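Submitted below is the structure of interest, expressed as structure tokens.
Each chain carries a letter (A, B, C, D and E) given by its place in the written order, and its residues are counted from 1.
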Amino acid sequence: TGGGGDDGLTIGALQPLSGNFAPWGSVHQAGLEFAVDEVNDEGFLDQELTVESTDTESDAGGAATAFRRFVEEEDAVAITGPVSSDVGVRTAQLAEELEVPLMLHMAGTHRLHTKQSRHTFRLGSLPAPMDLQPQAELIEERDYQTVGAIVADYEWGRTVEDQIDEWFPDGIDLSVDVAPRGESNFRSYLRDMPEDLDLIVATGHPPGSISIHTQARELGLGHDLTTGAGLPPGVLYEALGGAAETFAHLHTPDVYGDAFADVAGRFAEDRGEQFTTHHGYGYIAGRVFAEAIDEADSTDPSDIASVVLESSHDTILAEPLQYNEWGEIDGVRSMLSTVHEGGPDFHSDGAFHLEQEYQSSLMNASMVEPLVPEER
Amino acid sequence: MSRHPIAALRHRLGRFDDIALGVVVLAIVPQLVVGTGMTYQARLLTIALTFAIFTLGLNVVFGHTDQLFLFVGALAGVGAYTTALLADAVGVSPWLVLPVGALLAGAIGMLVSYVSARRGMTVIVIAILTLSLQLAIMELFGGARDLTRGSTGFLFSGLEVTFLTETLGFSRYVAHYYVLLAVLAVLLVGYRLAMTSKYGLAFKAIRQDEVAAESVGIDVVKYKTIAGFAAAAIIGLAGPLYAHGEGWIEPSMFSFNTVDVIVLIMLVVGGMRTTWGPVVGAGAIVYLEEQLHVLGQWRMTALGLLLMVLFLYFRSGIVPKVTAALDGDGRSVSLTDVTDRFG
Amino acid sequence: MEVVTLAEIAVDAIARGLLFALLGAGITLVFGLGDVLNLSLGAFAIVAAVIGATVVSTVPVPIAALAALAGVAALGLAIDRVLLSPVYRTDGEERILLGIFVTLGLAIAIDGVLFAEFSLRYAFPLDVASRTIGGVTVLGSTMVVIVVASIALAGLFLFLRRTTLGKATRTVFQDETGALLCGINPRRLRSLIFVLSVVMAGTAGLLWSIQAPVGAGSAFDLTIYGIIVSIVGGVRNIEGTAVAGVGLGLLMTYANYFIGAYQAMIVLFGFVVVVLIARPEEIA
Amino acid sequence: MSDPLVSANGIDVAYGDLQVLWDVSVEITDEDRVVALVGPNGAGKTTLLKALSGLRPLAGGSIELFGADAAALRPDQIVERGFVHVPEARNLFTEMTVEENLEMGAYTKRAEQAATMAEVFELFPVLDERRTQRAGTLSGGEQQMLAIGRGLMAKPDVLALDELSVGLAPQFVDRVFEKVAAISEDITVLLTEQHVHEALELADRGYVLENGRIVAEDDADALLESDRVQDAYLSG
Amino acid sequence: MLEVSGVTKSFGGLVAVDDVSFSIGDAEIVGLIGPNGAGKTTLFNTITGVDPPSDGSVTFDGASIAGRKPNKICRRGVVRTFQIVRTFDESTVLENVRTGAVFGSSRDRSTDEATEHAREAIEFVGLGAEAETPASELTMAQRKHVELARALACDPELLLLDEIGSGLTPTEIEELTDTIERIRDERGISVFWIEHVVDAIMGTTDRLLVLNEGSLIAEGEPAAIREDERVLEAYLGGAV
């Protein structure tokens, strides 16, 4: 490692390489590096693109310091990687202060953007309304009558709780429980759920969603599906085994489309590993930044941010990636998929593949209220 | 033994010469290490000063009276949340309500000290008591979502001094550094005054043998309570400054791991019961932590190992070691701790 | 809510409470008998769970469990020898503080390794059928937890109360020179106690991971639960620890249930504060 | 020829940089019954006993106990060999009961515990009365008795008593001296005492320690008559 | 000056001090003797506030001090030393004594005055040469003198000494008794003194109190006490 800047362009990656979110960090990092390698091979940028990454340990303060270091000491022109809303909020703050584009990996809170934001771009984790709408649609489509939800007692979980009220169809038998964020034993909550449960919504308790699913099965609740947070599919496969087939997680990369298969095929060939949705987020970040630098014809971070904000990029998502005026993701489709044994078509050596349970309708940024900062 | 008044004044002022020198050195630092428009080093410097103030508070209560406060983070949080929320509610500048936050934190510290001194709690009981309070208060910060916006937190600023930013043209972070330095300087002088007065003498006696201290007329409960109040108020005062430096308030900034662990390390590494220990310790640890980032995901492991080594083999602290080395050379000891010489 | 559900929840809460009690015993042993508040206790619980969950894919369940416990015992012994020896060479207040600081560093270091290398959550799979007794369904995993934890606690209790070796452990805490002059080797007893305490924690970690996956992020929480239980039970007192564990398990589970999650935590810590203020002399 | 039970050969002991014992040699044989160690405050009596019982390391010289080299043994190993030291500071287990303290004294001689405890209670009936009281709440003198009792519980061959009568009321001093005389039928006793006169009357041999050096060694009667002792300790 | 009336102290079922009454006048040296466990230290503790009496009253110069905190009682002029020495071991002798001079006295002194006062007390007990030595490096006898100097620096009117002579050689005891007599003669301070060293206490005190199983069994001049049947039986035994 060492300073970039003089003879190359640096993308800073604030990765959770250790700690609770480490499974996200390493996968995202691999996808990002792959994208940068491809960009350099294609040679459409004047300068070599490099990735500088650091371990945030999932800590907001640490990420903030690293952000400044990247920008001021390593001359990074763009930043990506943050996982978790707390880190997302703090780094978004800095992106605006230092005027450097930031592409978030997984930060779902809707209090991320203000109407003045111009440098913060959401990618992997959608804001709560966009998280709940696909599930609401699924309930209607499958005509689920009895739905239970467990949300975590912190910002995200409570937002999900509100959004459930807002989006879920009236007239279903719905029970919502709130559990501590660190809880991993949900038996008492689950025992209290109604009989004949069709669906358990666990997206409001990301750290506990796997436990909720296994414990519900152990208790023999006999529900159809559990919907859970956007965990890397490899983690789901490892942790759940066969139970992963009834655990539907949310993602936006269109793993069933040709573009994804293309990239994944190249990745498998080059790296010998299976390319998943979360590799995808890293890949998209690398690609979009490179294209924006090219398009802006400038290495000024602010110019790069303007391009990301204003243009639209064809990526491995179902729809082109585009943002509204303040950087909220716009016109996106998300999918609910389960994980099954056996590699996908594009990588038959893989251990698992995804199967789609549901694909949402097109969702626009207008459904998310931005944060209105107070007057002082 | 009467002294000439001017000589006496000299003598009094002479007790502060190391503080004056130290503050001047600290005042030059940003000019040397912070490039124009840079915020990275400036932020590290403000963090170091903020934590130096926290550590100074812990030094008073733990170093001098053996009350191990493991809720430094919570006290800082109380100061910060009180100041921010009150300023917001009343619609005034945070400067105006800053003392309220400090006093509230001070009152909590005072209460804890009073109760624990009355109940004759040992250091370990106080440690567990305050750790429990730390965790409970953290739950409150995170849980009272309507008031505090939960774990996400909110933007906070307003503790700037326009003279520094506008008239002198310092950047936001550098200006904040000087605000912190001014606070630190006042606290160092106060600390020196207190420790060379009868407070220092009482603390020293109490720490060694409470029963004996009481038997020679020292009101143990009173002095412990005073120490608890002073420390907590100092920490509660630094809390909002910390939040201002970060531009943000959220519970995890005040957690046991983020604040207490680090402050404790700083105190031990710098040197307990010394004037400069907290400052040196804070500087050393902030620097070290920043250097450790090259270790990537092994940073935390390295930090843990380093801590154990420091605690086991270096627990007398940097300042006492350096002082002893200088004393050994027979050279002057301008940075030495005056309390050790006078009482 | 139905009575049956309430009863089922009570059984779950008791199982959880017994795990708290094991952790509490781990704290009580080393603090009550050795003056060191082991802030790294929770890390040992997680290490046991990680070892168990990792080796169970290759060996039968009982062997994996034993391997996990042997693993933490060995780690405990090594740490006792290398890190705690210098701590025990100090005395009085200095030892208490050094104990806190060193085990804090240790907790950070072990957590660091877990964070970097074993950052997932780990579960120890155990297939035991559920049973319905009088309409109350008791999960297989819950039964295992209750049985194993009770046996471990009872064994510990008998050791400390009934054997001279157990009693001798108390002398070491109170007056080391006195113990030496009675022909007792304090160093060996301390090692024994430390290993015993981390094995208790390891057992708790393993049992915990039968019920719910655990990861490095839970280590400090487990330590805190241990400390709380140990305090509420009266630090010198293993029966008290067991009772306090179960009591707090019930309190927490129901408080969670009826008044909400964060209020429950505040109730819990508030309870500790009250206990500490009401009877500090029992603690140190 | 008598067999040496304890022999210190030219030992030096220091606390940090401060040397307190200089080339001290002491020998106790199985023919001795009571050996007294006298000397002014700070002479190093306690330090010598600590060196013998393994509580202080040697800076020079050697120690043999019961014919074997003991310089490298830990205190607990020395107790096992049969040399038991009742320390000046008592070092009782203050949170444990009187009975438990005695029980722990018998740690190395568990088989004989009950019988020895009965003997100790006979010697000090007040301990029997306070059986279940916490040792820390005993009066100063009671604690002293418990300390001696606990030492006896280990059934030592040599019992070293530091400041035997400190804090004891006069009638107890006499009683305790009588008991020591009785004990010394079976056990060799090494004691330090401020009641120099009484100690030398009780002892058959004595050493005088001053400033960390042995300055006199003789039969107790001879020491008692010697000018050195007369002037230094018995002027009052 | 000190009036103790009906003082009782019990621990659970054990009555350690049982309905004890006596008084101490100006410039008097009063001895307190009694078998081990008689309740002597406990009686001191009730007077000095370390362990308030369960019953009875203690007045000093006419004002009640029973149940007050030790620091208050000290500043009133009743100061003690401890059976098991409690010096501030990390501090020098001067600091130890200065602590008494600053806090123990009802008089307000400047820092310099307090230091002077402390030095005087140190000289008085004959420790002048050790003023700058940390207490931890002193012998037991010296540390007892540090406690004595520290107590003197508190400007006591009444000094309570708990076995200050134990563990001292006869020569040292002689020096100590001298000092104690000087404390009374030169400073007019009353001394209330527990000691098992019978000769010393008999030779120095004006009056003796004898405690047995918590109760006062005799009171009077040393010569009379020596003859007292009950005292002979309970305490002196065949020693005299």
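Assume a contact is a pair of C-beta atoms (placed from the backbone, for glycine too) under 8 Å apart; a residue touches a chain by one contact, two chains touch by 3 or more.
Note that the structure is a prediction, hence the values are computed from the model and not measured.
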Inset, instruction - Using the contact definition stated above, find the chains touching both chain C and chain D. - result: none
Inset, instruction - Going by the contact definition up top, give me the pair of chains with the most C-beta pairs touching. - result: B-C
Legend entry - Farthest chain relative to chain C (centres taken as mean CA coordinates): E
Legend entry - Distance between chain centroids, defined by C-alpha means - chain B, chain E (Å): 43
Inset, instruction - Averaged over CA atoms, how far is the centre of chain A from the centre of chain C? Could you give it in whole Å? - result: 37
Legend entry - Distance from chain E to chain D - Cα centre to Cα centre, in angstrom: 30
Inset, instruction - Return the distance between the CA-based centres of chain B and chain C, expressed in whole Å. - result: 34
Inset, instruction - Mark out which residues of chain A touch at least two other chains, giving numbers and ranges. - result: 17-18, 22, 57, 153, 181
Inset, instruction - Provide the list of chain C residues touching at least two other chains, using ranges where the numbers run on. - result: 112, 115-116, 261-262, 265
Inset, instruction - Name the residues of chain D that each touch 2 or more other chains. - result: none
Inset, instruction - All pairs of touching chains, please: list them by chain label. - result: A-B, A-C, B-C, B-E, C-D, D-E
Inset, instruction - Going by the contact rule at the top, pick out the chain B residues touching chain C in the complex. - result: 66, 68, 115-116, 119-125, 127-129, 131-133, 135-136, 139-140, 142-143, 256-257, 261, 264, 268, 297-308, 310-312, 315
Legend entry - Complex interface listing, chain D residues touching chain C: 53-55, 74-77, 79-80, 84-87, 89-96, 100, 103-105, 107-108, 110, 150-151, 153-154
Legend entry - Residue ranges of chain B touching chain A (in the complex, touch as defined): 38-40, 43-44, 88, 142-143, 145, 149-153, 155, 157-158, 246-248, 250, 252-253, 258, 290, 293-294, 296-297, 299-300
Inset, instruction - Under the touch definition given earlier, write down the residues of chain A that touch chain C in their complex. - result: 17-20, 22-23, 57, 153, 178-188, 191-192, 210-211, 214-215, 218-220, 235, 238-239
Inset, instruction - Could you pull out which chain C residues touch chain B in their complex? - result: 31, 37, 83, 86-87, 93, 96-98, 100-102, 104-113, 115-116, 220, 224, 227-228, 231, 261-263, 265-266, 269-270, 272-273, 276-277, 280-281, 283-284
